[in-house]
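Chain nomenclature is as follows: A, B, C, D, E and F, assigned in order of appearance, with residue numbering initiated at 1 for each chain independently.
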Amino acid sequence: MKFSVLVSEGPYTHEAADTAYNFTKAALDKGHEIFRVFFYHDGVNNGTRLASPPQDDRNITARWTALAKEHDLDLVLCVAAAQRRGIADADEAKRNGKDADNIAEGFRISGLGQLIEAGIEADRLVTFGD
Amino acid sequence: MKFSVLVSEGPYTHEAADTAYNFTKAALDKGHEIFRVFFYHDGVNNGTRLASPPQDDRNITARWTALAKEHDLDLVLCVAAAQRRGIADADEAKRNGKDADNIAEGFRISGLGQLIEAGIEADRLVTFGD
Amino acid sequence: MSDAKRFLYVNRKAPYGTIYALESLEVVLIGAAFEQDVSLAFLDDGVFELVKDQNTEELGVKNFSPTYKALGDYDVNKIYVEKESLEARGLTIDDLQHLTYEDEDDDWAEKDSIRVVTAAELAEIMEAQDIVLSF
Amino acid sequence: MSDAKRFLYVNRKAPYGTIYALESLEVVLIGAAFEQDVSLAFLDDGVFELVKDQNTEELGVKNFSPTYKALGDYDVNKIYVEKESLEARGLTIDDLQHLTYEDEDDDWAEKDSIRVVTAAELAEIMEAQDIVLSF
Amino acid sequence: MLHIVNKSPFERNSLDSCLQHAVKGSAVLLIEDGIYGAMKGTQKSGTVEAAAKDLKFFALSADLKARGIDQDRLIDGVEVVDYNGFVDLVAEYDKSQSWL
Amino acid sequence: MLHIVNKSPFERNSLDSCLQHAVKGSAVLLIEDGIYGAMKGTQKSGTVEAAAKDLKFFALSADLKARGIDQDRLIDGVEVVDYNGFVDLVAEYDKSQSWL
């Protein structure tokens, strides 16, 4: 079956970010297709490469990056939400006159339409939030 | 009177970030001293310079930076919380092997002890959170 | 519209205290371009989103409540507000913004977008959807 | 200790669902170095933080509950747990970790750190503080 | 003590918990979504009305106005303050507790 | 429909609201802090026990274990599932609604 996943909260602060990952991984392991994982609200904060969590805990961003590489996952950060919260790729940084970017490998920034499309194209859309 | 302020949530997502600013500004305007504003939990996300919020809305980080400049405010981001969430200054970026930093002007990164000290040194500590 | 999916946007949170009400509205506006069958539900503290005369000047944040008025222009005109949620909060329909749309099937007559429904009716509306997005 | 301020850390949230329980504990441990008069209160869902036998292996996050055991070594030994909050959640003191400290004024005898108090008693404890930090 | 409540009493237990732990003579300041607790004629009004015998209640004007809640909808005795009034309350009471 | 509740019923109104809107034959999956709603002998157990006549209840094992809540503390009839079971539930029911 084809799933889409919506992640609405940032890493570490709310368990939603963990549950979304564990769900996505289980779905892939069972042979389901993940059409897209869309990050909205504070969810975009999952896509920063500047985090250095404690060594004895999980690295949420690195985990997504690895899963994306392994399964060719489409990890999309909402551009409007990312602009509000300071998550940028090189293009966004340039366009907004910023001197640095912070997006992690495996993530891309795109519009909210990608969430609607994720709902339309998948058989199921599951939301993880606060 | 001498106040300290604790900000526990990030910008835009929770009103706490706005209330903390409005409270701090009002206290300064009334002639009180702000010993320190300490940002903990997702509060550290107030200190990124990479955000580009919509033009017709407030810019929460820029507002803090301006207030800090005007009143020589001590805006401290908790280092442990900042590491988890991907907020770094040049030193932190270097120390953690990151290729970029994102801290905004007027903020500094320091330890949790600065929160305890803020409680000890000030006459009042006010917390804004979720 | 036969291939259209039924999208329901569920709003359960008060405005301004958190960003969910505002960012939910942004999804609805973008989603309107996709020609799906769109409904909005306001229940629990979500009914506070539609209260009229919001004035954010003193708070210093953007007042996004006028945007609800634009929903009719985007063909978003099925706006369900839960009766029990209003009553628990001491509100009536008169406390809310008057949201309307022009009905193209009825000579563009101006009609009310808001329909007050009971919790039981809202439960059936939720059950009849293809996609439920919660904020 | 005459200049010490009375710090109360109030814990009202369940563990793991949000990070507040963990990051609150990090403040307490750092704060212990400052030689203040420290107390912890666990009420509402905060009482769940102290439930024993937490196992986070399947969840894939760090299990921080063993750290509570260390509080006694940091001279943090006034841990108030609210009776009404336990009862509402079907819990008793036996469901919680057994937290102890060695009393230097009593020949280092091992004593219980947790004191179950009523809401009324906890209200007076809160009122007697200089600083109340909430998580 | 000044108790600060910023959550809706319809959504969370923080106002209830605050009122169970506020001793006589304390003040309760309702801010952000907490201002809904100051409204009369709601399912929750009774709790605040009963507590108002022993506690002083305040509500933040910026948050009332943002939400379109007019002052005449508030429970009798709830005093409306602006941010300056908020600062004064923090100064007046020896400490504050935020019911997060 | 599969309803997903991730908040403690002691702290928030989301479980209550979910149960008021779940039609007969629906399933309710309790995850994260929502698993406390599956415990028996609490102030909230009665709500779930009553609803269990018309609805199927599930609780996520990873969240139960993390919180030290043993399976024998759960209300009769609540079925424990792991993440694989979570995926199966999403596939089995035609749609899901998260009560955020």
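Here is the rule we go by: contacts are C-beta pairs under 8 Å (C-beta built on N, C-alpha and C of every residue); 3 or more make two chains touch, one makes a residue touch a chain.
Just so it is clear, the structure is predicted and the values come from calculations on it, not from any experiment.
Chains making contact with chain E as well as with chain F: C, D.
When chain pairs are compared by contacting C-beta pairs, A-B ranks highest.
Farthest from chain C, judged by the mean position of CA atoms in each chain, is D. Mean C-alpha position of chain A lies 26 Å from that of chain B.
Centre-to-centre, using mean CA coordinates, chain B is 27 Å away from chain D.
Rounded to whole angstrom, the centroid-to-centroid distance between chain B and chain F, based on C-alpha atoms, equals 38 Å. Contacts with at least two other chains are made by residues 6, 10-11, 13, 32-33, 62-63, 82, 95-96, 98, 100 of chain E. Within chain C, contacts with two or more other chains are made by residues 13, 16-20, 44, 59-61, 131, 134.
The set of chain A residues that touch two or more partner chains comprises 12-13, 15, 22, 41, 54, 80, 125, 127, 129. Contact between chains, as defined at the top, is found for A-B, A-C, A-D, A-F, B-C, B-D, B-E, C-E, C-F, D-E, D-F, E-F.
In the complex of the two chains, the chain C residues touching chain E come out as 13-18, 44-45, 48, 51-61, 63, 65, 88-90, 95. Across the complex, chain C is touched by residues 12-15, 18, 22, 54, 56-58 of chain B. Residues 10-13 of chain F touch chain E in their complex. Per the touch definition, chain B reaches chain D in the complex via residues 6, 40-41, 80-81, 111-113, 115-117, 119-120, 125, 127, 129. Remark: chain F residues 6-8, 10-11, 32-33, 36, 39-43, 45, 61-63, 65-70, 73, 82 touch chain D in the complex.
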